[in-house]
Amino acid sequence: MNFTFSFTSLFSLLVAFSLAPLFMGVILKVKAFFGGKQGPPWLIKYYTLIKLLRKGSVYSTSTTFIFKLGPIISFVTAFMLLLFFPFAGLPPILSFHGDVVVLFYLLGLGRFFTVLAALDTASPFEGMGAAREVFFSALAEATIFVILALFFRLSGSLSFAEYFSGTQVVNLWSQSAALIFLVLIALFIVLLTENSRVPVDDPATHLELTMIHEVMILDHSGPDLALIEMGAFCKMLFYSAFISCLLYPFHTGSALYNVLVFNIIMTLIYAGVGLVESITARYKMDMVPNFILTSFALVFFATILTMEFVQ
Amino acid sequence: MIHISNIFLAMILLSVLLSLRSNRLMALVKLMAFQGIVVSAVPMVLDTAHGLTFNLIMFFILLVLVKGILIPGMMSVAVNKVVASREIEPIIGYHASLFAGLIMIVFSVYITNQLNLASLAASHKLLLVTGITTMGAGLILLMARRKAITQVIGYLMMENGIYLIGTALAKEVHTQYVVEFAVLLDLLVAVLVMGIVLNDINHTFDDVDTALLGQLKD
Amino acid sequence: MNIFFLALLLIGVGGTQALTTFKRYSLMKTGAVLAIITGCSIGAVDAATRLLQHAEPVIYTHSWLQIFTFSLKIDAVSAFFLVPVFAISAIAALYSFQYLHDAKRAAGTAINYFFYALLIISMALVVCANNLISFALAWELMSVASFFLVIYDVHKKATRGAGYIYFIFTQAGALFIFAGFGFLYSHTGTFGFEALASIPDSAKLIAFILILIGCGSKAGIMPLHVWLPYAHPAAPSHVSAVMSGVMIKMGIYGIVRFYLLLEPTSVVFGQIVIILGISSGILGVVYAIGKQDIKKMLAYSSVENIGIILLGLGVGMLGAASGNKTMAAFGFAGGLLHVFNHSIFKSLLFMGAGSVLHQTKTGASNQLGGLMKTMPVTGRSLLIGSISISGLPPFNGFISEFLIYYGAIHGLSLHGASFVLSALAIIALAVIGALAAAAFTKFIGVVFLGEPRTANAANACEAGVLMGTALSLLAAACLIIGIWPYYFVQAAFLVTQAIPLVADYTTTDFMPIMTNISRTAALFIFLFIIVTVLRKIFYIGKEVTKSGTWGCGFTQPTVRMQYTGTSYADSMVDFFRPFIRVQKKYSGIEKIFPGKTTYSSHTLDTSEIGLNFFVVRPVLYLLSKLRWIQHGNIQLYIGYIVLAIVVMLIFI
Amino acid sequence: MLQFVFYIPLIVGIAVLFLPAKIGRVALFSTAVIHAMFTALEWFKLSGPLHTSYFSNTPEGMLVLAILSFLFLFISLYTVFYMGEVEMSKEPVFNGSMLLFLSAMSMVAIADHIIMLWVAVEATTLMSAPLIFVHRSKASLEATWKYVLICSVGIALALLGCFFVIFSMEMSNIHVPISFSSLNTVASQLDPVWLKAGFIFFVIGFGTKMGLAPMHTWLPDAHSEAPSPASALLSGALLNCAFLAVYRCHQLMFTAGLGDYSSKVLIAFGLASMLVSAVFILNQTDYKRMLAYSSIENMGIIAVGIGIGGLAAFGAMLHMIHHSLVKSSLFLSAGNILLGYGTKTIDKTGSMLRLLPKTGLTFFAGFAGISGFPPFGLFVSELLIILGAIKAGRYVAIGIFIFSLILIFAGASKLVMQMVFSEKENDDILVPEKWTRALPPILLLLTSLALVIWLPDSIYQTIQNAISSIGGTVNG
């Protein structure tokens, strides 16, 4: 395992991590803008976190230790992703050949416990959310792994560090731009799915029956909920960073400049998510699988195309 | 001598055809007795190399005793016990059976001519024709009639036919009387056993119609 | 070899003594369990040391019936399979001590132990068999023994039906294997294994396919898996644990062994195996999601895992045929390690399910719930088992799946069909993994979490200590292999060296990756502990209260309102509808004031339906149309004879 | 000395017909013992030379004789106890016929002269007829009638076959005694067309007796209606005798260089038998009929094995031995079941493990044996036949072979499981089982088991000698 404890790596990680709640605020702002409202303050998510961490909790009598494990594991797994990710093309703190498989499976572990925690409450609504969560993420998983396969086919690499910080980078500005373009669209769909954004899920709706992720954490409160929120920020951050690294060739140029560009692109991506949320409505539940399968079809198509491109 | 053997063979064929169209059991039994005697006599009238030996004559007597007297005797006892002594509604009608018998003759002539039997004398060829016809007619009786007794008669006829074919094909050197006797004994016991079973069937079912004997099936 | 025989002898003694002492129930059980565990432990330790010390293969031969030799050989492959055979059997025996508790069925229990011992012995012989005859003999003995184990509860109609289906599949499978052996024998002219590599390629393929069908029916490859969901629920749980954990792996062993012996060079072998792996894996897990009986669901999950194993082996075969070392070594090693891992967590899950069954008297998950509070040991062990079987880190299932991924991803550098199949293997693995997580969150969530749905479930209490011990041992093994996989991975790679292409594959080629994974797992645990501590700190001095679950405004929640397994699975099952049929019965609402309505659903197995519809029924129909042959009419019978003569004379 | 094996039972049998039943039982068993002793003498070549051209001790004949003698020993033992528990009005006839039947079968086993063989086979039909109709029920009468008539017709055709074989010799102007041993020496000079014709009639004639489809029609009736000891003897020994006759002719054909043709014929008939038995074992309602069809199947397997030759021929011979042992054990168990439940209908049996545990055990073990599971011998023989068949390149044949085996297994296992394991409504048992009646089937099964673990060299040698004349070898 490559262990890089350079200042820049740590710096980029910390910047990204600490900005994650702010980026979420961007989405809210964009939505408010399109709604013709002023919207919450930019730092709303920080306030929420602080508020939650200061509170106590109410636990359902139905629950067991799993209910408490859920937030911890979902946060830890999401956070671990960040340790391996080359923010702004800077070498990540940790990386090894094959780490992507481990990381996506760690995300799966987080999901496993989130779902179990939801089922632990004996609430029919949370069960409903859990069922949707596992189903949709299973479809998204297929897309992710096809992307990994495609990247291996293109560059022979199997870790985030190799994708974005080495010599054989995967990027929109390379030979296989057409393929990467397909990947970008697919990845954006996965981002919407995995982070429970419109049009897959609507975290802001008031009817629990129509939610996926938000309904699963109904019974969590206090620091537990804060952990879940932070996990969600990390995950969103990770996917956005993934997309941004594909969009811009960070492996060239100076670190500071890269971090700056990176954060701008990140803001744009979050704004894009907000834009999508503002102008589309949530799909009917039975339309969602088709939506996710579109992403799968795109990347699978791209992978098959490599039979022609890569010899 | 040739003429005599031909006459004998003609008589056998006649008995075969008659038996195919006969519907009275008693008449059938009598035909069988007649046929048995004639068949027994066939080796005597054939032009054998050795002529008439003592053994041959003894064996003829034995054959006549079994095929002409003992077996028909047993059959007639059985027939007398049966209430309905006619064949009613045969599976294949009498005319059809007769016609089948005629076809059988043509067929056996055809077969005999087809076979490359240069070594056989002309009389043996005719014997072969008769034998095959008799055997075939026996099989027809077995398949076409309902009464168990008629089937026994069919069996006997078939046996006669095979015996004739054997006589036609095999030269005397190979037939050893011990063996012939054993064959004859088997035949006798077979008919005896069939007779006993027939008797029991008649007792149990009040008839010897094989239509009653169709309970064991899958 | 002597130690091996000593182990078998002890196991055999344990089994046979049960038959003689069954009048004294506890004595019989103690004797049988002790002897079997001792024998198994000796055997397992022997096999493990043999494997890790690179011991030279030992051969034992004995002349049999003048023309045969009964030959056994323990090489790395055998030893690798021997370890789970003995180890899992020992733990299941421990578990059975309290599981079989009905003194009124003393004779039945004794018979069960006898055949249990026979099953272990025959499985050990299967993996050691060194020629066609020994393999066939051991294989058939295994079938007989397992059949009798399945029909332990013979007074139940469902059990008899299950035994019947199993019996047919096992015998038909054996005949296919024999036919495959026929092809091998016809080209080598000997019963031995030695010359198999030299037979022509076409013969290799035919023989391999026949053996694949035969072994596949034992292993539960998708269209041939029909017996599994019947037999496993019917059998007592320690038996299902051994059957599902170990016995079905004998099918895999057969495939591996004959693949290694045949040394094929064509890519077709790998392609066939991958395709079978994809179908078994994906459909198996979808059915597992759809089934609500816990043991049935676990049975389908076995089908799924056989699919994963086949994916690994198929990737390995493809790699070996294409000359891609990484692919060959990692694919094969991953498949083999998954054999080992699956034997651990599947037996854990089956025994855990057995404990649930034992305590609540029902296996229908929709009747259960909330058992985590009343059965903590079982619940926690099964939670670990479920995470492992979903292939999630830091548990053992992930290690083997990772190896397969690694192999398959390196297969992407191939071209044409091999490339597409590698890609498909990766996608299949991903989908299987995600759906397995769905299946097992359902399993844990519906059975152990939430509120109990029936009185039986509410009144359950923890099963016996020995049962709990067995479960905990296996759960611990899952975690240990997940965090320290070195020995196990090394063992799997050692076996892989039997493939000529990767015979020189050394520790340095794969160990760094394993180290990385192990460190990642450790990092995860480290972070987990830190966050847990931090969370504790945040709660210091805070008010923590208990309350009912938030019902989203609904004020009178009942336990029946909980999401059931059926509803949890509904949308996923619906998605795979062409391959899985759900029979729904809904009485509907007819009046303005609705009366009592009922709803029931039942998942049907498409392969079973297909087999029934396209094979069994047409054949039976055709044969039933031939029953007129035995019409009872004597004239007709004589007609047959005449007909036979005529036909024969025509064809003279 | 050789002839004693049929003289003694013949004489004792005739005597028993007129003696009281009690003495008859003793005579039955003691004759069985004496017969076994003579067979052993002959087996180990301890007796003096032969003085006749009608009989000879060929290896295949000795094999059949040994099986017959061995089975008869246990079956007579069983009969003695069986008779003690059932009322049979004509017991002397039954016991006497058993001995006469033994005599006839022994004669088949040692016959060398073609016509003498024919005579002996026909005699077996006639001697066994009384065994079947001893109950004189409607069903048994019907069965006997069909048995006697169909077999007589069939065997009469075999006589024609004999004549054709003789004629094939005359066509080529050869003059040797018409015994198989001397014919084999001149086989290559025989006229092939007539020899083929002779073979056809031989196979159809003796095949009728052997139960090869489509001439098998009498077999299920006779075997199911006969009292169980007789059924055991019919299935275990008689079928082998008929097979021996077919085998002799196949041997002659093979020596004459017509082995290809006769092999094809045997395989065709064998497969037809297997398919037919598959048709009727599925959905069978009568367990004795099921066993009877299973005999047809196994005779088919033997025919296929012999037809394929090579290793499969060895398998076929082993199959014959083990099938006899296991099938007669099954029929004896069936006799116990019939005594216990008083019915042959499968639906009316059940709960055997509880009601008739020993019989249930032997019946199920026998079933496992007949289905080719180890540790019983049919496992080895079926495996050998499959291996041999593929080695010989008979792919289609082995496909049908395996297909039928699966069907038969599927059909039979359902029925047997229902009989042994299913719950019976009431626990009425007419005659409770006894060790004395359970022991012979157990011993027969154990013999099969023992022969799998250790096959005596003399049996192995005998089989090898027997199959060497049809190109059978254990080395492929």
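Per-chain numbering from 1; labels A, B, C and D assigned in written order.
As a working rule, a contact is a pair of C-beta atoms (placed from the backbone, for glycine too) under 8 Å apart; a residue touches a chain by one contact, two chains touch by 3 or more.
Given the structure is predicted, the values throughout are model-derived calculations rather than measurements.
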Need the most distant chain from subunit D, centre defined as the mean of C-alpha atoms. A
Quick check: how many Å separate the C-alpha centres of subunit A and subunit B? 99
Where the centres are mean C-alpha positions, what is the separation of subunit A from subunit D, in Å? 77
Chain centre separation in whole Å, for subunit D relative to subunit C (CA means): 43
So how far apart, in whole Å, are subunit B and subunit D when each is placed at the average of its C-alpha atoms? 31
Please list all residues of subunit B that touch 2 or more other chains. 139, 142, 151, 210, 213-216, 218
Among the residues of subunit C, pick out those that touch two or more other chains and give their numbers. 627, 630, 634, 638
Of all the residues in subunit A, which ones touch at least 2 other chains? none
Which two-chain combinations touch? A-C, B-C, B-D, C-D
Contact set on subunit A toward subunit C in their complex: 1, 53, 55-64, 66, 71-73, 75-77, 79-80, 83, 94, 96-99, 101-102, 105-106, 108-109, 111-112, 115-116, 119-128, 130-132, 134-135, 137-139, 141-142, 144-146, 148-149, 152-153, 156, 158, 208, 218-219, 222-224, 227, 285-286, 289, 300, 303-304, 307, 311
Which of the residues in subunit D end up touching subunit B in this complex? 54, 113, 115-116, 118-119, 122-123, 125-126, 129-130, 133, 136, 138-139, 141-146, 148-149, 152-153, 156-157, 159-160, 162-164, 166-167, 170-171, 175, 178, 193, 220-221, 224-225, 280, 284, 289
Mind listing the subunit B positions that touch subunit C in their complex? 91, 139, 142-146, 151, 210, 213-218
Subunit D residues touching subunit C - in the complex, by the definition given at the top: 145-146, 149-150, 153-154, 157, 193, 196-197, 200-201, 203-204, 208, 214-215, 217-218, 220, 265, 276, 278-280, 282-283, 314, 353, 368, 371-375, 379-380, 382-383, 386-387, 389-393, 398, 402, 405-407, 409-410, 413-414, 417-418, 421-423, 452, 455, 457, 460, 474-476
Residue numbers on subunit B that touch subunit D, as the complex places them: 116, 119, 135, 139, 142, 148, 151-152, 155, 158-159, 162, 165-166, 169-171, 173-174, 178-179, 182-183, 185-186, 189-190, 193-194, 197-198, 200-201, 204-205, 210, 213-216, 218
